[in-house]
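Chains here go by letter, A, B, C and D, matching the order in which they are written, and residues are numbered from 1 within each.
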């Protein structure tokens, strides 16, 4: 692969996991306080009403929330956090274009974090919000 | 189309929407009281921990819940219902194998339905549960 | 009762319902964009850990959210809205002192509203957050 | 205290905490698999629509869920569990009469439990359901 992917250097994670490759979103870890995921919505992400499938919306909200948790302990945004529970409000309809999900830590302690997220269309419209409980996976559990 | 797809006749919906084709799940509308979706989990559906991505779990839970709503008014399971809000509890870890999500109406009225769903591995293990509020889309809004 | 209660005139609702009288919170409708409820927490509102009972926290969050919905259609904050679903994150421990819950509309349409709320201690500490779906009760349903 | 309170012997907890005395519900720990709370609904528990206040419904659902968690480690139902998050679906309207909330463990591990609950009127009508994440408080944290 002769060409560098400069975005990787600048704090983006692409094609890391099977789901990420399948759905096609990009993780943005440049802001240590807010993990982000963006997706250029295509026909592949729509439901039978021609709107964004709720599951794809949650994929973005969940992923940016977990990344936000990881960033609290690891600047690369890869420290493992598991989703314990997540509630999503489908405030608006997601249309084709670029959607960005942004996470924010609301509270928590050593092992559990409360993380909110918002999914917005590139025109600023709010598509969905989420609140979740995320659990840090202790390093000894991963070996 | 000279060849029948026998599964369609038997109450399965395949490849209907962009998201369904992308993720690869199958909708089962044979039981009028419980919409179902199943997915044969592959590498494409995993997160960085090698477990089912939460967003894929929610895709199945959301889709089977909407189908369960549709089945209350339409035996084909295609009458449009929108997800208003949905809460998911990630009870267990989803591993490769066949996962099936099953919806059940818990209550509601003419326009809103409360629909619960469970996602189980083929070995019976509970992977996730959800509770959601779903809204019937009036036919006049669709034209 | 020879003396007026000036606070009523200034946009506070006290002792309106059985639950309000029992629990003792005050509804503040002075800000048309944000319904509020405050409670001076006493022994009566604690659980067995000596902290605010989760049910009391939700009483305040639910009530300020419904009031926020009412304020969108009625400056007195009394137009009826029903809670369809509500999710609460218990971010911190509620201790004795004055707690205030504040609601904010995040989106919605003619019949359903998405309303978030935050419960904070008088020292600014975040005690709990909620996201809810609220439904306007049509006037003809109330007669 | 010369007179026994026979109900205590039979597995009921009354008047233990400030909130319990205020609201007037009774905790039933006779069934080790399902904590229960019941309340005889009066004017004190109603909202401005003359229906059960959502906060009172959640008080019962939260309390029976915590009790269900406690019963997994302690037959008296008093081992401390904290509510991390809870989602409530207000399926039906709560009317005066006896309401009973019943909890069920859906999964979890050593420190976190997923507990569902249902609130039913004495005539069998479903009033509300909840799903919650509960955390065991380690004994060393309580001293």
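Heads up, the rule we're going with is that a residue touches a chain if its C-beta (ideal position, glycine included) is under 8 Å from a C-beta of that chain, and two chains touch if they have at least 3 such contacts.
Keep in mind that what you see is a predicted model, and the values were worked out from it rather than measured.
Engineer: By mean C-alpha position, what chain is farthest away from subunit D?
Structural biologist: Greatest centre separation from subunit D goes to chain A.
Engineer: Contact counts by the stated rule: is the higher one at C-D or A-D?
Structural biologist: C-D
Engineer: Can you compute the centre-to-centre distance for subunit A and subunit C, using the mean CA position of each chain? Integer Å is fine.
Structural biologist: That pair's centroid distance is 31 Å.
Engineer: Please tell me the distance, in whole Å, between the geometric centres of subunit C and subunit D computed from their C-alpha atoms.
Structural biologist: 22
Engineer: Distance from the CA centroid of subunit A to that of subunit D, rounded to the nearest Å?
Structural biologist: Those two chain centres are 35 Å apart.
Engineer: Residues of subunit B that touch two or more other chains: which are they?
Structural biologist: Counting only residues that touch two or more other chains, subunit B contributes 84-85, 87, 89, 114, 131, 133.
Engineer: Using the touch definition from the top, list the residues of subunit D that touch subunit B in their complex.
Structural biologist: Within the complex, subunit D contacts subunit B at residues 87, 89, 91-92, 106-108, 114, 116, 126, 129, 131, 133.
Engineer: What part of subunit B is in contact with subunit A in the complex they form?
Structural biologist: The contact residues of subunit B facing subunit A are 16-19, 21-23, 42-49, 53-56, 58-60, 62-63, 78, 80, 82-90, 137, 142.
Engineer: Within their complex, state which residues of subunit D touch subunit A.
Structural biologist: 84-85, 87, 111-112, 114, 131, 133, 135
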